[in-house]
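Okay, here's the structure, questions in a sec.
Labels A, B and C are assigned to the chains in the order they are written; within every chain, residues are numbered from 1.
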Amino acid sequence: MVRLVPRETKFFEMFASMSANLMQGAQLLKNILDTMENVEVRVQQLHDIEHVGDDITHSVLTKLNQTFITPFDREDIHRLATSLDDVLDFIHAAGERLVMYKILAAPPSSSELAQVIVKQCAELASAVSMLEKHDHVLEHCVEINRLENEADRIARDSIARLFEREKDPIALIKMKELYEVLETATDKAEDAANVLETVVLKGA
Amino acid sequence: MVRLVPRETKFFEMFASMSANLMQGAQLLKNILDTMENVEVRVQQLHDIEHVGDDITHSVLTKLNQTFITPFDREDIHRLATSLDDVLDFIHAAGERLVMYKILAAPPSSSELAQVIVKQCAELASAVSMLEKHDHVLEHCVEINRLENEADRIARDSIARLFEREKDPIALIKMKELYEVLETATDKAEDAANVLETVVLKGA
Amino acid sequence: MVRLVPRETKFFEMFASMSANLMQGAQLLKNILDTMENVEVRVQQLHDIEHVGDDITHSVLTKLNQTFITPFDREDIHRLATSLDDVLDFIHAAGERLVMYKILAAPPSSSELAQVIVKQCAELASAVSMLEKHDHVLEHCVEINRLENEADRIARDSIARLFEREKDPIALIKMKELYEVLETATDKAEDAANVLETVVLKGA
């Protein structure tokens, strides 16, 4: 069938920028948690990255509202943009907790969780780059879901250990929230993967 | 009017399986909280039930993406599947808290909350079974909403009492979260009821 | 183009009632936090206001399900109604925390947050009143987003200060949650503003 009205390909480029920016945020968070040096300055950089993310998200939604023919279902474009944005929001929120709670030493398992987020963001970037051709997208989605299960297990074990060992309730509150925020970032990545899966299945 | 394209009735069967599986999860949680025996083993069973729930949800969504004519609005099928799945997720999360926080004695009001969840799941199962014919669905939805208000009151009173009596902050954190997770399960059941109401009203 | 089927204008009236009721709730909360007098009685009034909000929301959704031609996209009517309802839910939840946790003195920054909520609700009411003609709606949305950023900063600073100064973990848990609930109300106002923006941009 010949397409008479050209579909808008700009959306794919915008999602590619979103994923690249998200990847940068994930890597910076991992780096901060690994070294715990210059935390305040680098969380500010994370804040700037999140701000860029907000701007791209806003552009996608504005463009969506003004485009008649979209390359895939409108509600899926909306859900993909907001779920990618949510991942970055929680990456940023994790960094913010370090500053807000004056956390000086991050436990190794928080770095591990950040590493899972980095991997998920790499998978998201790959899936998004293949979305137009529908190639291998589902494989990346399966891997993102597997990583979410892994993060779930790490977070659960870390929180259980925290309740066994940490006797200072205020320190416990801080660290528990750090784990929870990191784990929520991986949930949001799974949400984004679910949208990508939907897009591919509808088009199949 | 004669329907030329047969509507897909398989969805109703899948939602019936989801509700039956959900009911099993709710009853198991109630049972665990009532007896607090073999907690770890039975929370693992709850985990398996949740896993079955995930699989059915995934089948519904996959089928939805590949079905052209659906028995009711696509977005309502999506929302019903995800909200039923959410109820089970929080039922499972409540069980997980018992293991993760090594809670040995569950207070009577947590059993009471689980009982409200069981009742809501029974109402959901009835409503879902009548959805195709639209019979009495609204009555079940009203009852699910009433039960959510009841759970809200129980949880609020339990948490207020906890803050009055529990002087150990770490024990307080654990129990507060158990109540909150149980209460959230009843919120998600209300969300599912709202979708069912929507489906009936649209078809009226 | 001549419109042959009249669009339903009743929705605009219903959203105006919702906004007026929301404004009442926001002002009452601000007042309670300012004076901290007769808290229990006035939180009960807040509860009644929330109940009125629930009823209007329910009417909007029922009407939506029974209306064929809507003045703007169905899913946006749904999202606007539920996000305005969410703002009021969190306003009520903030009041409830005062009673549940027997908070006798609210810190000045909780009043400040309530003041931001009042301003957002005023902007929402203005935006909703102009929605039919699309006049100046976007300006109100920009201001609501700015106010959300302000609330975010106030909440973050207040919580950081709380962790520095409050050595009683149970008191800290109570106050942290009060700030978080207030901040979430401003997030929900932003969600409502995003829907309003979408409606205007689609119609542009």
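Points worth noting:
To be clear about the criterion, a contact is a pair of C-beta atoms (placed from the backbone, for glycine too) under 8 Å apart; a residue touches a chain by one contact, two chains touch by 3 or more.
What you are looking at is a predicted structure, and each value in this text was computed from that prediction instead of being measured.
Following the contact convention of this document, A is the list of chains adjacent to both subunit B and subunit C. Counting every residue number used by either copy at the subunit A-subunit C contact, under half are found in both chains.
One simple way to say how far apart two chains are is to compare their mean CA positions; for subunit A and subunit C this gives 27 Å.
With touch defined as above, residues shared between interfaces to two or more other chains in subunit C number as follows: 75, 169, 173.
Listing the residues of subunit A that touch subunit C in their complex gives 61-62, 65-66, 75, 96, 99-102, 169-170, 173-174.
Interface residues of subunit B, counted against subunit C in their complex, comprise 75, 156, 159-160, 163-164, 167, 169, 172-173, 176, 194, 198, 201-202, 204.
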